[in-house]
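One chain, subunit A, appears in both complexes that follow, with subunit B as partner in the first and subunit C in the second.
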Partner chain A sequence: MNLTCKTCPKIALNQNFNIKLEDDNELVIALAGNPNVGKSTVFNALTGLNQHTGNWPGKTVSNARGNYNYKDKKFILVDLPGTYSLLANSVEEQVARDFICFGKPDTTIVVTDATCLERNLNIVLQIMELTDKIVLCVNLMDEAKRKGILVDIKKLEEELGIPVVATIARKGKGLNELMNKTYNIAIGIETTSPKQIEYPKIIEDKIDKISEKLQGISKNRLNTRWVALRLLEGDATMLESINKFALDREDAYNEGGTCIYGY
Partner chain B sequence: MRGELVYMGTSENKNEYDIMESLKDTLDREKNEQLKDIVVGSIYAEAEKITRDVVTKNSGKKVDLDKKLDDILTSKYTGFPIMFLLLGIIFWITIVGSNLPSEMLSNLFFGIEEHLTDWFMYMNTPQWLYGILILGIYRTLAWVISVMLPPMAIFFPLFTFLEDLGYLPRVAFNLDKLFKKAGAHGKQSLTMSMGFGCNAAGIIACRIIESPRERLIAMITNNFVPCNGRFPTLIALSTIFLSGLVAAQFSNLAASLLVSVLVLFSIIVTLAISWLLSKTWLKGVPSSFTLELPPYRKPQLGRILYTSIIDRTIFVLGRAIAIAAPAGIIIWFLANINIGGNSILNHSAAFLQPFANLIGLDGFILMAFILGFPANEIVLPILIMSYMAEGAMLELDSIQAMKELFVDNGWTWLTTLNFMLFTLFHFPCGTTLWTIKKECGSNKWTLLSAIIPTVAGVIILFIITQLARFLI
Partner chain C sequence: MNKNHLPLFEVNVGSEAKVSELLSMGLSRRRMLDLGLIPGTIINVIRKSPLGDPVAYNIRGALIALRKEEAKQILVSKIN
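After this line comes the complex of A and B, so read on.
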């Protein structure tokens, strides 16, 4: 029973986050975004009563999970702590970052507030650097309308290169389309081409140098450009997280005892 | 950098280990900060560009107004002067406004005291009971209420008004940078602002700071800013302090300016001590955070009056009365039980006198601070009681009477100034210390939170006193 999960790396990684998958038809979706944008409303609207709450392993940050079924798949929705960035300034940001970076969810939905899109876009751009499995949900469209703010969804989609869905989560509007897009991205019928930010040359040169080093340990499990950027910024927690989640280690995989995957 | 990395890998992972080690070299704080600014700057620029392309605003008037206000209130140049000005205006209104009601209240209580005295005489009450009840408890309560109630009833609604308006987060924003420079957490500006209300509340608020190091700094230094219990003392004393020095028509203005300066000074000392702690016992690098500036709101007058009158004024006054009444009895006993021809109070004060003299106070003042440990509100009433029990049965009247009482007991401008400074910088009240103990769970840090402010206060007072005595 004590299988080393080298054959199922994804499961092993998910094990770090206490997610138990029952079969292949289950997909893991992360829900990210700033605080106070209606993220929890989206979460509740999608999962209904099928949710349970707990803590992130080893952290005092609470986490909520829930399921919903869409078409032939079962979706496990993980509500990440509301954060303004993924720069690991706080425990919340570190949790959110580690989950998207190392947990590798099948899709990440980023919820934003239509009334202050500019501030919200920062975390969207950061997550876009990290993964191309991403759907943007522009929530609170009714409030924006009341304040006379109009968001051109089509244009936003073009600019970002990822699917964008406008929602009014409180009234359940746009959620079907959100589930549909999430489904498409998660199983790969639809692909994205997230716009990447180009940094000044001084930064790009350094990214290349560090990325090269990272190749040695990543074996395609890490987004080296992204990790390099974090290291450039002096984020020491990044090294801790790589050590914890991404190194080939017998003990790391066996930490949870038996492989939860079954057999 | 936080702690050492521990590699649990086997020998075949040696290669990975080496790579990780070499990656550590890229972590260089100074350089990283600059690079981080460039990276974050690029992301912000991109977000701004995209927003310009996809968002159109029809009537963003309110948002624009908010932004313009924020530009002024949190600007590098105008932010601090406006903060100082607002503070000054609030104190000015408080001081001017509380003069008359204070006098009316004390007249009223004095009138009642006369009747009570008559009644006690009529009932042939023994002298000691009359002493405890009227001279001990009643007078203390009357002082507390007439000196403290009016300023509180004016100051708290004004303070709540600013809070309700959404101005306090802007204050925190202005101060954030300074706290970072002091090696502390930016959120300490928030917990400190709460400390102006109540230090115990400010210390509970320190939970919002995640790093234990920065939380400790915030907790230890919270007591350096004056709380609601200490503001009335400061306001009353600043009026006394300046009444002889400044022409009468300017005295209110000058007094409010003085309180503002004292508050500013308390913030400076908070920063200095935070810096000192972060350089010595609590070394480390500050972590950053995001502060969301909420939109300005129209204050709800009803709610302001309710919270400030019920939650704050009545609460603080109630606490003062609840503690002042028993304290009144204790003081009366201390002042009236004689050992070797002198009261216990006199003995204690005489014992403290040499030390008190060094820092420009007197033994009675130090005794008042020690006896006022349960609550800062009662330091001044206790002192008044001690002086009055001393002999000259002064009839309680306005602030002017208080001044005469103090002058009769040998106060100079230096004593008043020192008293105000010691009000700012001394051990926290009982409730606050108990809260610190509960929040950090360590006897050592609780003790230090009492020692550090006291030592700081003693040093400041000593320097000022010796300097003043040397120069004059």
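After this line comes the complex of A and C, so read on.
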């Protein structure tokens, strides 16, 4: 299978994740975050009745997809399962991870709960390591205010290096700004510089070695640093996913077939 | 093993403890870490269910229920 043409990431989206795009004017946005943060509220507010639910291909995890128009573009919003982390402890986490890592949405919106930001930031930081096309949505601002919690949005933006939008999704507040930031990141008129986590030298060295091998067989289809980290952690499901979504079959065999497994 | 450290499961309701070490490995360990259970985290033991298992703990502002098997794998030092 020749995977070098421009539209091929879109073909991958179709085959692997069941997302059919009609033309290049459509942008795919992933909606991620912990359970119970108002992800569905954001999803419903943005897509209205233009949505349908089903399952992720081959899994029993439900999947909601909808669309909305903003400025000159049509957006397909994909509601990922609510997860505390992307580290593949469960099918939900694997589905969310595979979509962001291999489905490569044009932007990922991470919805968080302003009343317990610390716990929510776990997945935000993980997604920041995976992609720089990310917008942080701090939701439930009314609940936070009620509990006497003030969130310094500007400071969060500075510290994280990504756009942060405060919302009260159930009242529709902040959603315009959310769509605006998402639009800017998705089409590339605004870029982010997510704060990178640096690991101890011994780990960084291994990351470099593994990344090099990955680069060789995946031809830029992978965030090799992130994948290297997952492999170092011993995440076996990662190998399956790479095999399924990112390897160019011909190259894998030319490199001796066992290169990634034999490291 | 330091004598001041005990499994979280043995800490009484109403007490406070500080995480010193996680004994679990693999996926369980990962789940504990995701919940915010890292060395130094303060845990409050809130209440036990009628049969004694699971037990509700306040971990970094969230009320989390942990089963006996899980709480046995978390080593803590008592605070009060």
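Convention: the second predicted complex is superposed on the first by the 237 of 263 C-alpha atoms of A that agree within 3 Å, B and C clash if a C-alpha of one lies under 4 Å from a C-alpha of the other, contacts with A are read in each partner's own complex, and residues count from 1 in each chain.
Here is the rule we go by: a contact is a pair of C-beta atoms (placed from the backbone, for glycine too) under 8 Å apart; a residue touches a chain by one contact, two chains touch by 3 or more.
These numbers were taken from a predicted model, which means no experiment stands behind them.
A.B. asks: Both complexes share subunit A, so when I overlay them there, do subunit B and subunit C fit or clash?
C.D. replies: Taken together on subunit A, subunit C would clash with subunit B, as the superposition shows.
A.B. asks: Look at A:160 in the shared chain and tell me whether it touches subunit B only, subunit C only, both, or neither; answer first, second, both or neither.
C.D. replies: first
A.B. asks: Looking at the overlay, what does A:89 touch: subunit B (first), subunit C (second), both, or neither?
C.D. replies: So A:89 meets both subunit B and subunit C here.
A.B. asks: Name the chain, either subunit B or subunit C, that contacts more residues of subunit A.
C.D. replies: If we count touched residues of subunit A for both partners, the winner is B.
A.B. asks: Touch check for A:213: first (subunit B), second (subunit C), both, or neither?
C.D. replies: After superposition on chain A, A:213 lies in contact with subunit B alone.
A.B. asks: Let me test your reading of the model: by the given contact rule, A:148 touches which partner, first (subunit B), second (subunit C), both or neither?
C.D. replies: first
A.B. asks: Classify the contacts of A:118 with the two partner chains as first (subunit B alone), second (subunit C alone), both, or neither.
C.D. replies: So A:118 meets both subunit B and subunit C here.
A.B. asks: Quick check for you: in the superposed arrangement, does A:70 touch first (subunit B), second (subunit C), both or neither?
C.D. replies: Neither partner.
A.B. asks: Quick one: from 149-157, 167-175 or 311-319, give me the piece of subunit B that collides with subunit C in the overlay.
C.D. replies: In the superposed model, subunit B runs into subunit C at 167-175.
A.B. asks: Indicate the residue numbers of subunit A shared between its subunit B interface and its subunit C interface, in ascending order.
C.D. replies: On subunit A, the overlap between the subunit B and subunit C contacts is residues 84-85, 87, 89, 118-119, 122, 234.
A.B. asks: Along subunit C, where are the residues that touch subunit A in the complex?
C.D. replies: The touching residues are 26-27, 30-31, 34-36, 60-62.
A.B. asks: Can you check the complex and tell me which residues of subunit B touch subunit A?
C.D. replies: So the residues of subunit B in touch with subunit A come to 1-2, 5-10, 13, 15-16, 19-20, 22-24, 26-29, 31-33, 35-36, 38-40, 42-44, 46-48, 50-51, 53-60, 62-63, 210, 287-290, 292.
A.B. asks: Which subunit A residues qualify as touching subunit C in the complex?
C.D. replies: Result: residues 84-85, 87, 89, 116, 118-119, 122, 234 of subunit A touch subunit C.
A.B. asks: If you look only at subunit A, which of its residues touch subunit B in the complex?
C.D. replies: Spelled out, the residues of subunit A in touch with subunit B are 35-36, 84-85, 87, 89-91, 117-119, 121-122, 124-126, 147-153, 155-156, 159-160, 197-200, 202-203, 206, 210, 213-214, 216-217, 229, 231-234, 236-237, 239-240, 242-243, 247-252.
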